[in-house]
């Protein structure tokens, strides 16, 4: 089969690989119909991780089941499925309490809980930017979709960005009627804004500087805040009569910058602490790293972020963080898509065949105007 | 009346003051029977705050109602009462959602939500280390106690440290059967350990280095971890088979030090991030300040704590912070004391008349062996 | 002033009454701008309660503050306010845990917790179908609205039916993405449907037989189920692929009938138990009575409802019941109205001056086509 | 192997059966070390169910893994395990939201969600009152225990009665500090009382009339209420100063009687509604049946229980019901046993070899004094 393979910083290639097969009775093999490039793929693409060369990338996968092991009794060959980016055993302590993003058994990497397809430090699993994908514990991991091809670009968001944005809202302690500020208008931030609107926020703000992202946010019913036009903290305080928002979502991560290109990993956390009212909550789904040798400061190199923690405490704020347990949310989100209440596919900007993926990575990595979300169609 | 007045760094004095009176129809005046010195009084005593000279200190107050305004219809003269350290209007947005520690109306200080008696930045209210105390919104704030003098040293913990320790456990996301590590064996940490045991923790660890504190922790059913005997992270990982604890409580605050006396405000947060397992939670009731001119580093001076945030995110941990809304918990805690299920008074080390308070402050501030908790009896 | 007074079964009259005054320092007097007739007023109107003759009716009140006592420090003369139907002291055990509908102090009636304006068994308080209304504990009870007259017909739903419908959804254990069936298309049922849509239900069904009610439900985005066209249980099972709904809301009450006029108080509970899936939940805001001398069966006379409880248990369903604590929800609902996310006023069918209220009661009691919700404008 | 087989009303026999084997790759076979007789076994024993003759009984099973299929990768041969009474696939909608007691795939019986070993209507699975037991979806269902034989009589309560009692407390909406009344002092009721004490109840009452049961309750720290000595409602109201309890647990079920032997299925629900305070909650784990041909009244025959529902509504009470999802609780309960915080084995009255089980059933069914809980040791 053909697959997108990491070949060192800023280099990916489409190569021939053996077709994956059922290796355990609980495995399935999925033929991909859509597989997305994710913002977190760029961390690897840019050489900011320890991912090994030769890894097939791709953790946002949708397709049709091609084969199952004889211990698989829920999923059947021919089922159309969404594959959560997390690989979960389903039966460890974390999985059974709903934390499939921190499975204790799927990842043999020292000191890491949680596994994923085609991802640095997340176990020896190839990704799905390819024609076929092996899925461990298929009954646990696969979400069935209605047969056919309808909603394909919506359903493809179920594997990662829609549940991740939703998780950001959940981690913030969101309650119906709250005002929410989302920092970062990439796919995850846009999905967080979409989620907050669906869940009955009274107002949702999305902070970014790219016009195409801000337009998409408005399309989901959010209020755009352009940080290139002035301090976003001031803009948000003014828009809320000085009170600030009830909840904030961090959808930027450790490569936060101030618009000039210089990284300030504490910047978004500082802003959130200031715009969220006392007793409010913050959900963090933008990625921060325990160590980051490429960082610009000594503190950041060892994962230390010197944000205004004293203010956070004094305001009695709370914070939830981490990779989303996709399985906790994807069924309801699928049902909302089918019911016409959610249309996450609205963020798709490009659909490419697999062999144009090199171009896709280049444009997406360059944050080229309009390259919001790229789907590969194997 | 006599009252304990702040007179500058390391100086308090017992002075004559006019008796407080009912100033609003919703006020009460309480005659103090017990009023404690709190660890956070020491922040003021040591000159690490902006508290004004002349302020009567004391926010841990218990007594008998001496007078009420004519808009008070629940509390009656003669009621024995516990006075929560937070002053709450009871009807603002925060109060009505249970966050009396962040009352929007009681504190006219710019940028601060929440008021307290005798406390820096918490409004113009005198404290209760005195013979009488004015209590605003008496029906809202006062908790009635059974008449008499029984359980006085237990009930006196209801105004602050018992609910604060309990809140630390609550903020950690505690669930029955969890393992909990409490950092800091002062009164709040001890109360957190007591709370976690009452709530059905499977194991509670308390980390400190003072033998008297560790003994008290053991008396509450906790396991003592002496950090002067070795890295507490290693001790806790060994005691939990390498898995770490489910929940952590921070009961130390920004003056954390490593045993040598040097302050390392990031130390306890780092330790907690390491010993709490992935997906676990941390409750922070030790105080951190938005600005701390007396701090040893430039970052800490502006409330920036460079802790290992990247690890916190990667482990998907959550954190709750801030001053405890005493009223949310004090009724149940009172009932647990009456039922014989809680005995927070076990931490009392000294009971002094009001005019020996200078000595009390000196010993308590020096962390003299055995000066765990000092009660004043006006 | 003029007021609507109960004068025996099927008799109300507009009479002259003395203007209410501030009687306690915590009172306010409100000049009514809108006051609604509620479906539960009909229980009294029809003589199915023990309400005393001479009582001024009306518990759905909106107006402007005319006077306040000197213990009132949040609410000011001139404030436009919504008056929750529950009268709450704000400081008893139930009030402080959010159950203002079961205030332990406001109602001196033996064996009853909770008070209301102009209502049987709910204390000695006159209602607001009048020109003025006395409001006890004004700081606790009154919700401020933006000045002016905008959204008046939306805001008037904040005193009862919107929070009550919302509470029905809350009591059902609703989660985003759920399918919900609401039984009863009166104002409360319509508000429950509106609430479930706002909160992100994937599908909401409303069961009734009146075309005007079903049309209003569809206007809120719900699916109409006409029980006069066939067994609603079968219709709902078919519409959900046999699985049933996740949540049910009972908005009918003890006078449930099968369309022929005969009362079957167990009918709606039976239907709900059948259409809600195993482990699902039911919220009951339709009123059931501890004793009902006018009931048609001996069991119902003593409040015994012989519904299929064995099925309820076997399916592991849960149920929440009771009058809504309006204060728990009305602030968020107000904000959703202001933000344009909720428009409860869409159910208003008639606006009458106070002196046409007799006609209003007659039409509403007769369930005349199109008399969905009647507002009085004093 | 030898197995206890149902042979018609009041008849069980020890018979030879073929040893169970691994039939699916996800199966395990467990060699039983302890298997208990449950109160719900008596419903079958007494002929009050439709269980088929020839069924091997026994759903409270503990043992050692003898064999596993090749799709089992968590559980290993030789593991000491507790077997939850529910059989769950682990991956259906209900299982993945924690409702393993209502698995949608394990039970082919029309209209029933949820499966169990050796139980009427709960699927074609033989029970474990035998030497060996086949366990489907072994990785999902089995809880590992420390190797050896320690705590055997405590751990054997993890398969049903301890989690079921705990679930009763959970369904009641219990919060720390609450007062709880448990009706029924059989094993489940005793476990509910034990659970409520562990979780920090301020007071726990257990209502029964058998002295041995009341003594066991007191041993767990509960207050005994002997209903043969007077109306339990009056006793409980007096013991709580007229206020009633915060939470109630129903651990009796549809065969409730008043002490004279006559069944009154509404009796315990009526009592609970009266003793639980307004806004309080009730957890029901005593079994009620959708149809009960052996019942004494026509209503009860069709599962209709004419309890005082009008009072329940008027008090705004809530209720949760149904079979316990054992897997949601058994890990924490195991850890509490290991930590010495729980000792459910204290209720064991008899340990019998398998071939004395006929005697065991007879004594237990006769509710003979002192036959509280019978363990079979195969």
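Which chain is which? They are A, B, C and D, in the order written, and residues in each are numbered from 1.
Just so it is clear, contacts are C-beta pairs under 8 Å (C-beta built on N, C-alpha and C of every residue); 3 or more make two chains touch, one makes a residue touch a chain.
Just so we're clear, the structure is a prediction, and the values are computed from it rather than from any experiment.
Under the contact definition stated at the top, the chains bordering both chain A and chain C are B, D. Per-chain CA centroids place chain B at a distance of 42 Å from chain C.
If you average the Cα atoms of chain A and of chain B, the two centres end up 39 Å apart.
Counting only residues that touch two or more partner chains, chain D has 331. A complete topology is adopted by the chain contact network, contact being made between every pair of chains.
Listed in rising order, the residues of chain A touching chain D in the complex are 24-26, 69-71, 73-74, 89-93, 96, 98, 105, 139-140, 327, 331. Residues 94, 97, 99, 101-102, 112-114, 171, 254, 266, 269, 277-279, 284, 287-292, 299, 302-323 of chain B are the ones that touch chain A when the two sit in their complex. On chain D, the positions that touch chain B within their shared complex are 175-178, 198-200, 202-203, 331-333, 335-336, 338-339, 341.
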